[in-house]
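In what follows, chain A forms one complex with chain B and a second complex with chain C.
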Partner chain A sequence: MSRPGFVLEVDERTPALLVHEGEGFGLRKLPLGSRVVYPPESLPGLRDVDAQIHRAVHHPLGRPPLPELLFAGMKLTIVFDDLSIPLPPMRTPDIRSRIIEQVLELAAAAGVDDVELIAANSLHRRMTPAELRRTVGERVYRSFFPHHLRNHDAEDRANLLEVGTTPHGEVVEINRRAAESDLIVYVNVTLTAMSGGAKSVSVGLGSYRSLKHHHNVHTLRHSRSFNDPPNSAMHHSYDRMAGVLDAHVKIFQIETTVNNDTFPSQLGFLNKREWEWSLRDQAAYLAVKRANELAPAGRRRQLWQRTVAPYGVTSVTAGAPAEVHEVTMRHVLRQQLTEVDGPADVGIFGLPYICPYNVNSIMNPILVMSLGLGYFFNLYRGQPIVRPGGVAIYYHPVRNEFHPVHHPSYIDFFEEVLAETTDPVAIEAKYEEQFATDPWYVHLYRNSYAYHGVHPLYMWYWGAHALEHLGEVIFVGGDRRTTARMGFRSASTLDDALEMAGDRVGRSPSITYLHAPPLTMADVR
Partner chain B sequence: MSALYKEIRTLAAGRDWRGRSRTPRSAAPHEQPVEPKEFPTGWARTAGARVARRGLQRGLLRPLTWTTTRPEVQGKDHLDALTGPVVFVANHSSHLDTPLILGSLPDRLAKRVAVGAAADYFFDARWRAAVTALIFNAFPVERYRSRRLQSLAPRLLARGWSLLLFPEGTRSEDGWMSPLRLGAARLCVGQRVPAVPVALRGTFGAMPRGRNWPVPGRPRVVVRYGAPLLPAAEESARDFNTRLAASVARLWAEEDVGWYASLRAQARGELALPTGPAAASWRRIWESSRPVAQRRPDRVWRD
Partner chain C sequence: MILTLEYHRSAARYLAGRGVTGTKLGSRASGAIASNLSPLRLLNRPEPAPPGAHWTRVRPLLSGICGSDLGLLTGRNSAYLSALVSMPFTPGHEVVGQTLDDLDGLPKGSRVVLDPVLGCVPREMPRCPGCATGEHGRCDHITAGRVSAGLQTGFCTDTGGGWSRMLLAHRSQLHAVPDTLATERAVLVEPLACAIHAVRRVPVPDGATVLIVGAGTIGLLTLLAVRTYTTAGPVYVIAKHGHQRERARELGATEVLSADRAAWALRRATGGFLARPERGAEFLLGGVDMAFECTGGSGLSSALRLVRAGGTVLLSGMPNAGVDLTPVWFRELQLIGAYASAGADFPDALVLAGQAPLAGFVDGVYPLSRWREAIGHANAAGRLGTVKVAFDPTRD
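Then we have the complex of A and B:
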């Protein structure tokens, strides 16, 4: 029986607590009285995942069983989430490959010849052949790559189709092949409460024309939080788009959720509560930390990026997107939600080495901002864990390093745009069009492995709600010049950071530390 | 190296030598308090344990007690007629009390006596429980009703064991007596067994609370047995307890005023439980720790 999440109050018995800081971690003593939000312990995974997949596709919600939807001569498109989830990547076999294999078995039995597999990478970088193979599995890869297993191309005008427009004037434009299919089977991993459901097809297969209706500063500032769909303007927009899609395409959604087994057994201590560390955990902590510090930077990154999570699958649900997503959300919240009593003056977050956009890549400063002020800050329901005008303290080295292949537009955004302004509204008004339509960025997105030109701006918008809400942002251990460029401050220790925060929150502020990863979402009452 | 040392210090802070950390209060799960299991003492009444106990009592405990103190045993004649199980009820102010009583009882009674010992004191650690059970044939007695031990006493009586109980519940703080609790009386009334009152004098002075060896100089101690009291038909436990307390009080006074004078005083209703003078605590201890004077010949007539 997994124990539920809870809020620890730091007392004199509390040992130093684990804090992630990029490609590293450490034990930090928090001030007495600080609250620490721990996620529920990892739920047990399904014992027989394949049987559950079989059950799900044969007894779907709001749709006839999948075999009844498949017929010879049909156009079938199987779409799957790209490498941005789950994080860290899942130990093989990936759940997506297991589902796709079962779907293809049924399709083969029904005599379906026209099958396409598309990675729903939206404006993310294309997945490399190796990444595709890892995600869909060897057998699928060998049968379909390269002609029928490919990445979605949001800039291939010929292969996009405007499906319609929502009552709010939002253009719904998705991948033409998918839109013209008799059936889209969407295979998803819902890692956080924001993903899956209506978002899957409309965003994953969308284009810039379509995405700009919800990926903008106004929408994100009114998504409180974007991990709480009922209160997220962004999700309201997705829902409207899903309404348009429903009238034109038939989507059979297969959603999955994973538990909180985020780190492999040799890093097992990262999954445990510190006062329960055994001697072995402590030895592993010392050994891993020391080796990590001594390793050359490149090697260290390689090791972290090779880390795979031994996730257990907690649910597989299939059917109509809306109905499926309702079940999926319950499973996600069951694993991640922890009730917290009110916001604090100061929120502390330890940012890990990975975010959705630096898998097999480098976490650049913009991504650090998006992970901290976007993803982690928005891991709440009700209200943020920091009060309005409060201070957020993040642990991350925020090095000025970029992946030149994956993130070319990020470099220009950091060097040119942020040098001028950090205000999301100003950036949106002045630079969005330019970054989104720059032919060189478009070329790199389509032919290299670059994120779309507009992506760094989206990352900045991702933190727009936090920027508006917070009085100050401090990075402990952050590179001074890089953080200053982004309009933040850096401190060398937590004590210094609290001292700096003193101007805004006084000498003895209330503190809440979101102990993640493993992912935890605060239900702040 | 210094970074590693610093890291180890951070890691080890607040952990014990086994690397275990205390659980923060807010993280400690709510647990129903677990009732400690009753220490089994049945083995201490098996034939083998009885032989061992006799050896220990006769070969070690009695010689030790009798060489470090000068016990004087009175009223043993009251025990002559006893056959079946009885309950010895004594005042209690020292760890010497039990060895003195066990050592002074006639052999036929001593080998069938079980001693009621505080469950929370003698039976809290297993080694102490085992030693106490073996040497004294002790069984746990719940004094504060904090646990719901089912008392062994009635079962022991039913199996023919006599019991030695100290109904004050604990050793005296200052050498004076405190009221007798009802347990022993209730047991006698319920099981229809006689109670033998016993008064111990001088044990507080010889080895009070806090000492684990008698004071030097072989202090004189007195063990005085009274006549067995059998609860009358229809007598309540409370009445019987009063009678029992009066007997102990008389035996106590007998040391000071002599047998006949104590009888007279009891008849006049002048004897109360010796709870000591209503004075400052040091004076109470001062009085009770006064060495017991060498016994004079009994005087029937006062001067």
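Then we have the complex of A and C:
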């Protein structure tokens, strides 16, 4: 039986606590009285995942069993989440490959010949052949790549179809092949409460024309939080789009959840509560930390990026997207939700080396911002862990480094746009169209491995709610010039950061540290 | 006797300077090399005698240190020019001085600036085709005539140069300085005339996008000339140092870019694609309409890579670095030289020098006796926040 999440109050006996700092980590002493939010202990994974997949597709929610939906001569499109989830990537075999194999077996048995597999990469970069192979498995890859296994191309006008418009005037435009299929089977991994459900097809296979209706500053500022769909304007928009899709195309959604076994055994101490570290854990901490510090920067990044998670799969649910997602959400919250009593003056977050958009890449400053002020800040239900006007303190070096192939428009965004303004509204008004339609960015998105031109702006919007809510943002260990460019401050130590925060929150602020990863979502009452 | 800084023939020193500054480490220490290793010496020489009726002695009041002078002292200048000088010579061709003899329309004691080109007129030669059309910078007779070989005053053994207490100048080389023009501004007239000339070498279309590579004296004055004499559209400047960025903005730059950021920023500004070769710097498929190379060579590669197909690159600074000319071929660029001045460039520069915001451009002034410091300062001018370093030979 896994223990639930809990809130620790730091006292004299509390050991130094683990804090992630990009491609590094350390043990940090927090001020007495600080609260530390821990996730529930990792839930047990399913013993027989393949059997659960079989059960799910044969006993779906709100849909006939999958074999009954398959017939000879049909057009079947299998869509799967791209490399942005889960994080870190899952140890192979990836759950998606196991599901896809079973779906393909059923399709073959039904005599379905016209099968296409599409990665739902939306405006993310294309997955490389190696990344596709890792996700769908060797057998599927060999059988389908490259002609019947490909990335979604949100700029291929000829292969997009405007399915309809929501009552709010939101254009729903998705991949033509999928839209014209007799059935879409969507294979999902839901890592956070924001993913899956109505989002999967409408976003994963969408175009900029369609995404701009929910990926905007107004929506993000009214998504409190975007990990709490009932209170998320973004999810309301997804739901409306899903309504349009429902009327047009049949979607059979297969959703999965994973537990909090985020780090492999050699980094097992990162999954544990500090006072429960064994001698072996303590030795591993010292050894890994030292080796990490001594490793050359390139090698260090390579090692972190090669880290794979030994997740246990906690659920596989299939059927109609809305009904499936309700079940999925329960599993996600059971693994991540911890009740917290009210917000604090100061929130502390340790940002890890990875976010959805730097898999096999570099965590550039914009991604640090979106991870910190977007993803981590929004890991709440009810209200943020920081009070309005409070201070968020993040641990991350915020180096001024970019991957020129993956993030070309990010470089221009950082150098040109942020030099002029950090105001999301001003950025959206002046720059969004430029970045979204720049022919070079479009070319690189389609033919290289670049994120879409508009993506850095979306990442900035991701933090719009936090920017509005917080009085100040401080990065401990952050590069001074880089953080300043983004409108933030940097401090050498937590003590310095708290000193700097003193003007806003006084000398004895209440402090809450969101201890993640493994992922923790605060249910702030 | 007059005090003079003399550049003499010394193959050993020349090659040593060239060899050392050719390395990465050596180029960083080029100031020290120029002032300690170059074949330059301070000595007393007999006063020069005017070689003819239209010549006068000139007492320099200020004499600038030009990039081409520094290239000479560090051995970086091309050996091509060695055929066009006569040894030993006194450098210094950016000169404002006082005449010591009466000339037609220019009484003794007049304050003058020097157009340093030694063309057919001062050499008392029949006009060559260049001089006949007023383009004396293109003179074919610069190794012949009444004075020894020398493309300019400052490279000719007979005329002397500005880095001394006396030089010789022909009437045709001299332009009277209005009383309203301060000497510190007047010393900028020669480089300003060169900048104006560069801008006039080819028509700059209305609204053209222009890039100026380098924001030293020539770069900034070229920007001034572009803004004064053309109706160019956005003008981008690649600048290295903070004060250069500020001055470029004051002179009307649309945007000031760092060298490492220029390709990306110009791609955003002008559209097009950015291409990354396996080796070497990025380049644009697209880019600006025209580029003025004002670094003395090191920025030429950037200029060639940032101009659009069919665009124009103006070589304003004396080139002293090798460059891959593939873009000239592949993008069908026009590569155009701009040397010295011609026609109305000098008179116009005299007027513009009095009107333009050039305050503080000359802020490192040294007596000849401190020539090593002066050369070192000039070599590091950008880093030290200086635009122009000059000698004041009247000071002890």
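In the analysis below, the second predicted complex is superposed on the first by the 525 of 525 C-alpha atoms of A that agree within 3 Å, B and C clash if a C-alpha of one lies under 4 Å from a C-alpha of the other, contacts with A are read in each partner's own complex, and residues count from 1 in each chain.
What we mean here is this: a contact is a pair of C-beta atoms (placed from the backbone, for glycine too) under 8 Å apart; a residue touches a chain by one contact, two chains touch by 3 or more.
Computed from a predicted model, the values in this text were never measured in an experiment.
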{"item": "Clash or fit (per the criteria above) of chain B with chain C on chain A", "value": "fit"}
{"item": "Touched partner set for A:263, first chain B, second chain C, both or neither", "value": "neither"}
{"item": "Larger contact residue set on chain A - chain B or chain C", "value": "B"}
{"item": "Touching partner for A:353 - first (chain B), second (chain C), both, neither", "value": "neither"}
{"item": "Partner chain(s) touched by A:375 [first = chain B, second = chain C, both, neither]", "value": "neither"}
{"item": "Superposition-derived angle with apex at the Cα centre of chain A and sides reaching chain B and chain C, degrees in steps of 10", "value": "120"}
{"item": "Chain B versus chain C as contact partner of A:415, first or second or both or neither", "value": "second"}
{"item": "First, second, both or neither for A:443, with chain B first and chain C second", "value": "second"}
{"item": "First, second, both or neither for A:7, with chain B first and chain C second", "value": "first"}
{"item": "Chain C versus chain B - closest C-alpha approach in the superposed model, Å", "value": "33"}
{"item": "Chain B/chain C common contact set on chain A", "value": "none"}
{"item": "Partner chain A, residues of chain C touching it in the complex", "value": "261, 264-265, 267-268, 271-274, 276"}
{"item": "Chain B - residues contacting chain A, complex", "value": "3-4, 7-8, 10-11, 13-15, 18-19, 21-27, 29"}
{"item": "In the complex with chain B, residue positions of chain A that touch it", "value": "3, 6-16, 26-27, 29, 273-279, 282, 285-286, 289-290, 293"}
{"item": "Residue ranges of chain A in contact with chain C within the complex", "value": "404, 408, 411-412, 415-416, 438-440, 443"}
